[in-house]
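Shared chain: chain A. Partners: chain B in the first complex, chain C in the second.
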Partner chain A sequence: MTGLLLSLFFFLAGAAASLIFARRGRWPSYLGAGGVILGSICGSVPALLVALGAPPQSFRMAWDVPYGSLYFGLDALSAFFLLPIFLITAVSALYGVEYLEAYRGEKALAAPWFFLNVLAASMVVVVLAHNALLFIMAWETMALSSFFLVTLENEKESVREAGWTYLVASHIGTAFLLVLFVLLGRAQGSLDFDRFSAPSGAGTLFLLALAGFGTKAGFVPLHVWLPEAHPAAPSHVSAVMSAVMIKTGIYGLLRILTFLGPMQAWWGWTLCIVGLTSGVLGVLLALAQHDLKRLLAYHSVENIGIIALGLGVGIVGLSVGESFVAVAAFAGALLHVLNHALFKGLLFLDAGNVAHATHTREIDRLGGLLRRMPGTGATFLIGAAAISGLPPLNGFVSEFLIYLAGFKGAVSLNASGSVPMLAAISGLALIGGLAVACFTKAFGIVFLGHPRSERAALADEAAMGMVAPGFVLAGGCVLIGLFGSGVVRSMGPLISSVSGLPSIQVGRALAAAANSVARVGEFAALLVAAAALLCVARMKLLARRQVATAPTWDCGYASPSPRMQYTASSFAQPLTETFRMLLQTRCVFTGLEGFFPRRAEFHSHTDDPYRSRIFQPLFHSISRAMASLRPLQQGRVQLYVLYIAVTLLVLLLWQIA
Partner chain B sequence: MGSLIPLIVAAALAPLMQALIIRTKSVMAGRIGPPLMQPYRDLLKLARKGAVYSHTTSWIFQLGPAIGLASVLLALTLIPFGGFAALSAFPGDFVLVVYLMALGRFFTVAAALDTGSSFEGMGASREVTFSAFAEPALFLAFAALARQTGQLSLSPLLAAISARTWAHAAPMLSLALGALLIVFMAENARIPVDDPTTHLELTMIHEVMVLDHSGPDLAMIEYGAALKLWLFAAIIIGVAFPWHCGHRWIDASAGLLGMLMLAIAAGLVESSMARLRLLRVPQLLLVAIVLSALALAF
Partner chain C sequence: MSQLINSILVFLVLTGFMLLSSSRLAACIRAIAIQGVLLGVLAIAMQDGRLSTVGVLLPLITAAVKGLVLPWLLFRAMREADAVREVEPLISYNLSIMTGAAALALSLWLGQRLQLPSHASPPLQVPAAFFTSLVGVIVIVSRRKALTQVLGYLALENGVYAFGAAAALRLPVLVELGILLDVFAGVFVMGIAIFHISREFDHIDTDKLAALTDRLR
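Let's look at the complex of A and B:
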């Protein structure tokens, strides 16, 4: 526990120091990043030990707040979520030092560093808190500090709008959590987690947790803040938010599940449905986007969907007593939490490099960046293949485990039990195919071919401090792809605490799953070796032969221009057209008049269907209903004093009566 | 335990299967057609040539063919043939097979986009669209077969299908087989999904993506395509023609006979119908999804 308290101390010290030395040039950057990095190193040691099987620790101090106590606990579940938090915030802080340089002079850099440290500290407290009041306070701090980070470029209308959406969404989520914790603590009259008891209405509590934590995690249809806030934030903050902050929603859901007693099959079904909807809609909406960071944000919705799908399959397996299905699915879902942190962090940092170098995030204005930005391009390729779930990288390992659980369930369960399994299998397959489409688009159009605009043609590789963090995360993707079985084997205590199964049973199932994963790892290594061998063979073959260069074959057309290349929109068009019912893409087409048309225009835009069809009408009608109260607010102090006086009078009369 | 035989047979005979399809089509069209050894000669000729690279391309373009061939070769080590189990087998190995194909596709598509050519972008776009529909069909078909046999690995799964299985589960097996056949045609760029012999770049899918490759790169791509054809055909024959008499070599010969019949059947389909309009292809693949879902219902 000392390490974790020390890490909180470093985060808070970093926050304070970056404010104190706000006016000293680059000092806030160094101090702020230093705080995050030192804190992460200190904290990751105990987290790693507990994740690898050391006994859980706890730390408790009295707190004057009613029902509150400073009760921190580090168990396998907390440790597993802490590790990516420390890794990603540290790497992003390192990246932020260079990235925020571009803002120096026009922005005070102390504020983003202050809030990044506060965000890091609050995420750690969220995961460690064993008291509901402490949890909610940290949860709110996390929402507010990330709100201030999102709105760094608050001179832009779109950024203010995004920040506002985010703030409203997080508070709606928190409202569910308040009710949830009050219901959980009511029986024992305490808000400490270890005295929570499951009252009779466990199903209601599950739904409250699903809505409250699902808002943070980004389950469809509660995801609407996510594609707004993540692109608006500075890229290193997008990385932290998308890679680890939304995972605190998954953590919260899992933590609550441990209080609710035996899991029921319909929870699993619900999570499967939520996961499938989030996964498929997330990737489809991503396909339709033109903005690189927005595309990545929608992929977070997709990956959260995959995690929910894994948890759902696991709960269904648990409820029918299939321990292998439960263990493999939980292992897949939890490993996907870690994997998504690695590749999504990587992709957002690389997207930041692209935006930094070209000043645009519009995919159709980019192109050919691999030549100008070799490091960013290579790491983006690794991230793109990993997020598409392809071997030999980490994304495949976690999806493989969920598939394995699904197939095992489909084989051994009866007809009704196998329905969610088959839905999970076919859903994952569709998501996988669409993700390949989306990331060949993102990588292919942004990094390959000819530059589509002058800015893309003149782009320069980002500074070392912005490329190196990507290589660290890409290394993580490769390592888990090759040695994922080791990670899976170490997840025993974690899975038995989440599933409530005895550790011997978990160990047996986990060993079987890890054996398959180990074979996948062998294949990954063989694949790399075979591809390398074929490349060498080709080089040897071509060594003494004529190797010429020529223009790309264009069917004889003599003067192709970069504008004739296929665009991202046209690449995705067959799929967006097939799913137009779900996407509701708006197209604006003007032009082609007369025999010699001069100009023509075409725009397409895909709004979030839930935002434009559900939430906007809902909030509009609320604000219309509230408009009748508006005359009360006149802005005159005398009138407000009158309100107070009238209220007091009414209360007095009520008391007398 | 595992045997190298299925891999060796595939590596040696895959181009011959392509030649057999071409021969069937030629005979149907009243021509003699190229000799059966022609695909081998083409591969050899390409491997001996130099190469031309587009100015636009980067290392991705050169990496693509190598990864494509490596992934299909590794996938083949998981495919049994005749009475011989595959070199490697573990629970869930068919997931790896499908995702290795997806990896090959990812890099083929990336290499196509690397050229900056509109035609190749068009082909790439079609390829990712159609395979997004083909994958669920394939997985559901595997799920149906797994549910029927109770096996989670390809070698024991295909070994568990026998004439007796057909006797009591014929509807389910034929539905799954129908789905597999549609996926076979889509994934291998055959008519009615794609026409490998067309001359117009605008209408192609797979062939247009590799327009700019030449020399040993093209040899790797062509050989990879032949192996992929063999891979899907071997799974289909394993289901459709489950000859298990106990003697492995006789079983393998029966398997070869099955492959010959499948090649002829593919040739007959190709000579008797035209390619579907591109907009219709997703519907065909939806049929495959429905077929495999129905197979699960039995």
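Let's look at the complex of A and C:
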């Protein structure tokens, strides 16, 4: 616990120091990043030890706040979520030092560093808190500090809009959590987690937790803040938010599940449905996007969906007593939390490099960047392959575990039990295929072909400090891809604390799952070796020959120009056409006239259907209803005092009478 | 002794009406000053002859601050802000007095209903204290000038003080001194604020500050 308290100290010291030395040039960057990195190193040692099976620790201090106590607990579940938090925030902070340099002169850099440190500290406290009040306070601090990070470029209208959307969404989520914690603590009159008891209405509590934590995690339809806030934030912040902050929602959901007693099958069904809708809609909407970071944000929705799907399959398995199904699915879902943190952090950092070099996030204005930005391009490719769930990378391992659970469940369960399993298998396959299509589009249009704008043609590779973090994360993706079985074997304490199964049973199931993963790892290693062999062979063959580059066959065009390349929307069109019903893409096409057509225009735009169909009308009607209260605001102090006085008097009379 | 207490309480109620009915700022400030002195005497009279040094000294200090220092500050603020010496109410004086009468009726009814945990206190005490507070609220709500708002606040505070005496609250010396200091500092700051408002906007009419609202007109 000392290490974690020390890490909190470093975060807060980094926050304070970056404010104190705000006017000293690059000092706030160095101090702020130093705080995050030192704190992460200190904290990750105890987290790693506990995640690998050391006994849980706790730390408790009295607190003056009613019902509050400074009660921190580090168990396997906390430790597992702490690891990516520390890794991603540290790497992002390292990246941020160079990235924020572009803003120096026009922005005070102390603020983003202060808030990044506060965000890191609050995420750690959220995961460690064993008292509801402490949890809620850290949860709100997390929302607020990330709000201020999102609105760094607050001179832009779109950024302010995104910030408000985020703030409103997170507060609606917190409202559910407040009710949830009060209900949980009511029986014992204490808000400490270890005295929570499951009252009779466990189902209601589950739904409250699903809505409250689902808003943060980004389950459809509560995801609407995600595609707004992530593109608006500076890239290293998007990486932290998308890779680890939204995972605190998953953490919260799992933590609450441990209080609710035996899990019921319909919870699993619900999670499967939520996961499938989030996964499919997330990836479809991603496919239709033109903004690189917005595309990545929708992929976060997709991956959160995969995680929810895994948890759902696990709960269904648990409720019918199929321990292998439960263990493999939970292992897959939790490993996907870690994996998504790695590759999504990587992808956002690389997207930041692209935006930094070309000053645009419009995919259709990029192209041919692989030649100019080889490091960024190579790591992006690894991340793209990983997020699409392709072997030999980490995304495949976690999705494979969920498939494994699904197949086992589909074979061994009765008819009604096997429905969610089959749905999970086919849904996961659909999601995986669409993700491959989407990242073929993203990587192909951005990094291959010829530059579509002058900015893209003049792009330069980012500084070392912005490329190296990507390589660290890409290394993580490859390592888990190759040695996933070891990671799966070490997840025993975690899985047994989440599922409540005895550790021997979990260990046996995990060993079986890990064996399958090991086969995959061996196969992946063979694949890598074969690819390397082919490379060597190519080099050998070309060694004594003249190698020249020439244009590819251009179908007889006399002078192909970069504008004739596929665009992001034309590449995705066959798929977006197929799913037109769900996407409702709006196209503007002026049409071509005559034999020698002159000017023509084509635009396509895909709104978030939930935002434009559900939330906007809802909030508009609320605000219309509230407008009738407007006459109350007269701007007169006297009247406001009268409101207060009348309220108090009425309360007094009501109490007395 | 109860004769004295009752007459003080009646006077307290009368000063409330004075505050509501006067059209001159100076008279209102005087009403507040009289209330302050009355409360000091009330606090001493309430001790039933078992007097202690602190028990006498503290009410005396209170009376001095509320009866002399605060009025002096307020008169100075009035002079410096060069305010029109009229109260300028939002509602008519007649209506003010009628509201005051309604408040008195309400207070008397409340005085009957409200069960105080302490021993028997004079029957008029809770109503008088309540009435004084309500008068403060009425003044705050119905008057336009920033200075009258301060007066309303002081009346409110006086009511709370009288209620404290009614509930026979024996507050520690430090707390009582702290409250006194709070009131003093509050009025001091408000005096300065009024001066600045009047210098900035050429008036101390809070009504016109309504222009600062974000409401679309």
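Throughout what follows, the second predicted complex is superposed on the first by the 634 of 657 C-alpha atoms of A that agree within 3 Å, B and C clash if a C-alpha of one lies under 4 Å from a C-alpha of the other, contacts with A are read in each partner's own complex, and residues count from 1 in each chain.
Going forward, a contact is a pair of C-beta atoms (placed from the backbone, for glycine too) under 8 Å apart; a residue touches a chain by one contact, two chains touch by 3 or more.
All values reported here derive from a predicted model rather than from experimental measurement.
Visitor: Who does A:Arg630 touch here: chain B (first), chain C (second), both, or neither?
Guide: Touch status of A:Arg630: second partner only.
Visitor: A:Phe523 in the overlay: touching chain B, chain C, both, or neither? Say first, second, both or neither.
Guide: First partner only.
Visitor: For A:Arg563 in the superposed arrangement: first (chain B), second (chain C), both or neither?
Guide: Touch status of A:Arg563: no partner.
Visitor: Answer with first, second, both or neither: which of chain B and chain C does A:Val641 touch in the superposed model?
Guide: Only chain C is touched by A:Val641; chain B is not.
Visitor: Once chain A of both complexes is superposed, is A:Leu370 in touch with chain B (first), chain C (second), both, or neither?
Guide: first
Visitor: Which of the two partners, first being chain B and second being chain C, lies in contact with A:Leu575: first, second, both, or neither?
Guide: first
Visitor: What's your read, chain B or chain C touching more residues of chain A?
Guide: B
Visitor: On chain A, which stretch or stretches are contacted by chain B in one complex as well as by chain C in the other?
Guide: Touching chain B in the first complex and chain C in the second, no residue of chain A appears in both lists.
Visitor: Can you check the complex and tell me which residues of chain A touch chain B?
Guide: My answer: residues 367-368, 370-371, 381, 385, 388-391, 396, 400, 403-404, 407-408, 410-412, 418, 422, 425-430, 432-434, 436-437, 439-441, 443-445, 448-450, 512, 515-516, 519-520, 523, 526-527, 530-531, 533-535, 537-538, 541-542, 545-555, 562, 564-566, 570-575, 578.
Visitor: Name, in rising order, each residue of chain A that touches chain C in their complex.
Guide: Against chain C, chain A makes touches at 630, 633-639, 641-642, 645, 652, 656-657.
Visitor: Under the stated contact criterion, what part of chain B meets chain A in this complex?
Guide: Of all residues in chain B, those touching chain A are 47, 49-58, 60, 62-63, 65-67, 69-71, 73-74, 88, 90-93, 95-96, 98-100, 102-103, 105-106, 109-110, 112-122, 124-126, 128-129, 131-136, 138-140, 142-143, 146-147, 150-152, 201, 211-212, 215-217, 220, 278, 282, 289, 293, 296.
Visitor: Which part of chain C faces chain A closely enough to touch in the complex?
Guide: Listed in rising order, the residues are 90, 110, 113-114, 137, 140-144, 149, 206-207, 209-213, 215.
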